[in-house]
Amino acid sequence: MAFFELHPQEWEALSLSLKVAATALAVSLPLAVLTGYGLARWRFPGHGLLNALIHMPLVMPPVVTGFVLLLVFGPAGPAGQFLSKTFGLSFAFNWMGAALAAGVMAFPLLVRPIRLAFEAIDPKLEEAATSLGAPRLITFAVVTFPLALPGVLGGAVLAFAKAMGEFGATITFVSNIPGETRTLALALYTATQTPSGDVMAFRLTIISAAVALGALLLSELLARHLRRRIGAADD
Amino acid sequence: MAFFELHPQEWEALSLSLKVAATALAVSLPLAVLTGYGLARWRFPGHGLLNALIHMPLVMPPVVTGFVLLLVFGPAGPAGQFLSKTFGLSFAFNWMGAALAAGVMAFPLLVRPIRLAFEAIDPKLEEAATSLGAPRLITFAVVTFPLALPGVLGGAVLAFAKAMGEFGATITFVSNIPGETRTLALALYTATQTPSGDVMAFRLTIISAAVALGALLLSELLARHLRRRIGAADD
Amino acid sequence: ADKVTVFAAASLTDALSAIGKDFQAETGKEAVFSFAGSGTLARQVEAKAPADLFISADEAWMAYTVEKEAVDPATVRVIAENELVLVGPKGAEKLELTAEAITGRLGDGRLAIADPETVPAGRYGKQSLESTGLWDTVSGKLAPMENVRVALASVARGDTPLGIVYSSDAFVEADVDVLAVFPRESHTPIRYPAALTVGASEGSAAFLEYLSGNAARKRLEEAGFTPAN
Amino acid sequence: MIEVDIKGRAGQFAVHAQFTAPQGVTSLFGPSGAGKSTVTRMIAGLLKPEEGRIAVNGEVLFDSARGIDVSVQNRRIGHVFQDSRLFPHLSVKSNLTFARWAGRRSADRSLTEVVELLGIGHLLNRKPGKLSGGERQRVAIGRALLSSPRLLIMDEPLASLDQARKADILPYLDRLRSETGLPILYVSHAMEEVARLSQTLVILSGGKTVASGPVSEVLASLDPGTDLGGEETAALLEGVVAHRDEQWDLVDVALDEGAVIQVPGLPASLGDRIRLRIPARDVSISLTRPSGISVRNILKAKVEALRPLDGPYVEVVCKIGTQTLRSRITRASSADLGLAPGQCVFLLIKSVTIDQGRVGPAFREI
Amino acid sequence: MIEVDIKGRAGQFAVHAQFTAPQGVTSLFGPSGAGKSTVTRMIAGLLKPEEGRIAVNGEVLFDSARGIDVSVQNRRIGHVFQDSRLFPHLSVKSNLTFARWAGRRSADRSLTEVVELLGIGHLLNRKPGKLSGGERQRVAIGRALLSSPRLLIMDEPLASLDQARKADILPYLDRLRSETGLPILYVSHAMEEVARLSQTLVILSGGKTVASGPVSEVLASLDPGTDLGGEETAALLEGVVAHRDEQWDLVDVALDEGAVIQVPGLPASLGDRIRLRIPARDVSISLTRPSGISVRNILKAKVEALRPLDGPYVEVVCKIGTQTLRSRITRASSADLGLAPGQCVFLLIKSVTIDQGRVGPAFREI
């Protein structure tokens, strides 16, 4: 029975992971929706460049992304100093830094499905909304966005999963500090570094898998609900 | 000028990365299309489980995925032994293993947009095709799949980028053997782990970025072509 | 502060965790460890990470932090040493460190080793292979791993018939046997230097001192290290 | 020959359709939401009835009792959907020939012929996305025609087409039917089209077939106000082409009762059996036989009944022999003329108002 | 009042539309692909013309010369699209009230009233996905009606509706126009609807306005065969309600020339100015004034011209004072009666065939 109880460090790592992933998702989602919409609907100079930039964290080994984050957002980095001076905001070796790393790494996974969803929406429906007097923002809020919701949800699932599992950029950017930046993924790594850590590693693997399963099932339910709402079935 | 010439090892890593990523994509794409279609259109027992399983490599730290691959497909693993005995196929410490790792890691990124794309297709068009006498497979090939193509392309872009950048699972599963499994990402990591490797790391970063940019621009062109084909504009 | 933050090479995970517990029990101060690769940690210390102590798995990365003025050079001290061994699966026969013996044992398999280019353990391994004249024979049959643990695990599971690891690793892994020990002089000494960072909080020195104490030495020995003299 | 006897449902909506239609055109008629499209979906195999039987030309497509359920793909039904359902990624031409290259259906009609009929030659290389409403619908019709169907289902196919285009397509459908014997199931709101085109009329209301049978019988039996959604009543007269006047382009149709009706511009040959649809509102009543009048058809008839209608109208049901004709006049006129059952009157039918519905020989055999 | 003078293009298709319409209903008429929907898109602001000017009730919506281009959102145009464009994720009710909650448009018509008119009360909680074709279209009409528009654009709104539903909606549009002065731009293929409903007729062909003006004038000036795509000719007579016979529910309309036409069931008050559409095929000619006949309207007229038509027909253009009436009879009858220009004849018009188009006071002032 004791096997099924979580140890305090496991709880710590799990709740930290959830906090980090949820924060990363919550902050990057609005940005991703904006970016996805912009990439789908607007033509502007630098379109291709922006798109490439977003995908960079996928192409680079995570460690490199972590280094870049350290250089830019670290205590000695320009953005890091600016943010800490102006807003008292620090990403240095704390859970917010972990969230930043997870967010950056997950961003392309979030943007791509969202962009595809926006591209698939018939602009004629938006035309109809506008002709009924809805301002652009309202049209977006009550027509475009709800119709893109399955894509947004799809992206969010990918991003949340990635944020839960992110390792390389996180350990490089914010190190592996228990209680602060040691997420489930990092705890799992730490366990593998310990000859006696096999049981621990196994347990952490199970926990990670369970969380992922839960999140995915939840997202499936949500998606089914959405599909029903759009009228694949009535009521 | 010499700065812009690629060193032989850089060439080696670059071409290996392209080979690995292309192979991973080519092999996993059909499987991903099948899986994405199945998840979108079929209800079967284990639907949620399959979906969760596919997303596992995202949630787990890549190193763990690499370990699991090693356990299963390594020279001592059951699948590894079976494949090598039956087909003479070995994934142990060679580029095919790197492709397998990249493919497994990229799979969720590939499946999710494809699934969304299939879900977004109006089944009424498939009904029309069937009523015109097209067998299921033909309907899929000439109606469903072409209409899902933007999503497939979107997924392929994500997956290719991921395959190019995959690091943790690769180094764990097939190690970091120059010329065999040292892809760009691994070479870049190698450079960062050497106190004197900064210039090298910088060069490799530029190369990776350039490749990614090229791939993304190509995919954008393709996507625009596709959108035109579906009639956002005429001819 | 009643907390000491230690950035330490991942290979010291077991030993340091135990030492940290002892330290807390003894002094009431908590030691918090961030375990990762030495290179990663060195760069983080350079980037002003909130670390009080940095413990590297080799002297190169310690030199790097000294050069970058991230640690206090006056406090650098070696806390442990290690040996390099050749391991094989449990029950395998002892092996001579000769080219024929090794190639014979490898067969089609590869020699697991931490990445000679990125991981300290790999670097030592390469030196030893070179100075024992084995490098030319086996350099094409290496399986460089992300870290020593992976190399160890791959031997333990039988994915690779042979591996080069620290004796500390072999010591705690029940599924491998040490087949040969590389001569001490075949590689630069394997030393684990520790130092206070430039921003170390007051009282951190106490932990650095503690690392050289008897209790810590015992823990290091239990984990297969050779405590420094 | 279409035999349908099915029960089923679409969501909350229950359907119970039961009708048999001989060769020719069968019209499904009923108000919006009556279940017309739902019934066509069941016949096409796109929606499975809970129970019942569907057969076309004797071939059973569905029979719940015998466990038969021919796949959609093999039903060979050319379906013109109410929403055109063109493939957006394929050119108009590829859409048209879809059944050939994707469905491996044989080509029993030429592409050129169909394209010309529908006037879509200039669209062949375009994508359906930006076609006009009528253009889309025409392409959809063409696609179904070119699928070498054994049954053509047309769900309000002409709703968005202009008069000239309709006038082109209707006779073609007519010809198609009479030349190839292709049964057509036609959903329409336009009673004119229905009467002109079809042999059998099926009236749906609230998911149930409230009437079905030969057009003339169904029309005669119905209460126009409620069953036809306010559509005008008309009578159908049958007769044989007895004479052709080439000079004035007039055809004499001899009713079985001996009376003759002159119809202008009718492309019929001597001996053809003809059906004439005569809307009640086009029939006037005179007590005496007027002369010096442009109205050519003045038939002696006997008032059988006077049926007051909504508003200021009355319907005068008259008999010419066994055939029924209806006249819709004002109550004021009826009173002025003092009409009463049993009275002999003269019915005036302007030749030009007569709708033409050729009846092929097949119909005669029934 | 709608003023349109625009040039522009949709893809390869060039449009040049030029017409001015006084208050009331303006119909856009033309064959499939003529550019009707394209012109409505430009007026609605969904497609920008290259140059020109668009104004509604004096308010300029677009003027390339003055750089004016009012946004779609602010044009306040209720647009019933040819494809209904309902929001699939919103309930029917939310679709209907969309302009209110998303567009902050005021509620100048009650939801209940519109829902009842369109018979969609039972659909309010459904999603549009599975509605029948006609149901969709009705919801789309309701959505536009409830957007408190200053101009209503209806692109073939009744194409998929049954007769009864049409008969409900047409008078409502009529009333809307006459009570609120709401201008309506109506795209339709059905000349009956057009003539019944509209004051102004704009004929489009190949993207160009080939004719525009008051319905009666345009109809009179056109060659029905080609310009109207084979539609039937009709004449429009104007007059004033001079007498109401409550017993028989008949209204006497006194033409300006003194002649009187009796129309049944007309909801008009004494003194109302009325327009009557009289299709040529419903007018018969008699040399003498017949008696004992149900036809109530027998007008004395003078033959002005005989125009041979295609086939066995001839169109007899007659004058009653200054107003024109047309009669379509067979050449045979014309010859039998010996008709010739200048001759005095009697025109027989069955009261029941008269289409009713009430003309509101606004029309008189123009």
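By written order: A, B, C, D and E. Residues from 1 in each chain.
The rule is simple: contacts are C-beta pairs under 8 Å (C-beta built on N, C-alpha and C of every residue); 3 or more make two chains touch, one makes a residue touch a chain.
According to UniProt, the chain labels map to these proteins: A, B = Molybdenum transport system permease; D, E = Molybdate transport system ATP-binding protein.
Everything numeric here is computed off the predicted structure, so don't read it as measured data.
> Along touching chains only, what is the step distance from chain C to chain D?
So the least number of steps between the two chains is 2.
> Which one of the chains is farthest from chain E, going by Cα centres?
Following the centroid criterion, the farthest chain would be C.
> From the C-alpha centres, identify the chain that is farthest from chain D.
It is C whose centre lies farthest from that of chain D.
> Give, as an integer number of Å, the spacing between the C-alpha centres of chain C and chain B.
Distance between chain centres, rounded to whole Å: 35 Å.
> Report the inter-chain centroid distance for chain D and chain E in whole angstrom, where each centroid is the mean of the CA atoms.
26
> Taking the mean of the CA coordinates per chain, how far is chain A from chain D in Å?
Averaging C-alpha atoms per chain gives centres 60 Å apart.
> Among the residues of chain E, which are close enough to touch at least two other chains?
As it turns out, chain E has residues touching two or more other chains at 11, 83, 130.
> Two or more other chains touching the same residue: where does that happen in chain A?
In chain A, residues 63, 67, 192, 234 touch at least two other chains, as defined above.
> Write out the stretch or stretches of chain D touching chain E in their complex.
Touch list, chain D to chain E: 10-11, 30-33, 36-38, 82-83, 130, 132-135, 138, 155-156, 159-165, 167, 189, 191, 228-231, 245, 248-250, 262, 264-265, 281-282, 284-288, 290-296, 311-313, 327-337, 348, 350-353.
> Going by the contact rule at the top, pick out the chain B residues touching chain D in the complex.
124-125, 127-136, 138-139, 142-143, 146-147, 229-232, 234-235
> Which of the residues in chain A end up touching chain B in this complex?
Interface residues on the chain A side: 48-49, 51-52, 55-64, 67, 108-109, 112-113, 115-117, 119-120, 150-151, 154-155, 157-158, 161-162, 164-165, 167-168, 185-186, 188-189, 192, 201, 205, 208-209, 211-213, 216-217, 220, 227.
> Can you name the residues of chain C that touch chain A in the complex?
For chain C paired with chain A, touching residues are 5, 7, 10-11, 13-14, 17, 32-36, 40-41, 43-44, 47-51, 147, 149, 152, 169, 172-173.
> Taking the complex as given, what residues does chain C use to touch chain B?
Touching chain B from chain C are residues 37, 39, 42, 60-61, 63-64, 109-110, 112, 115, 117-119, 142-146, 150, 153-154, 157-160.
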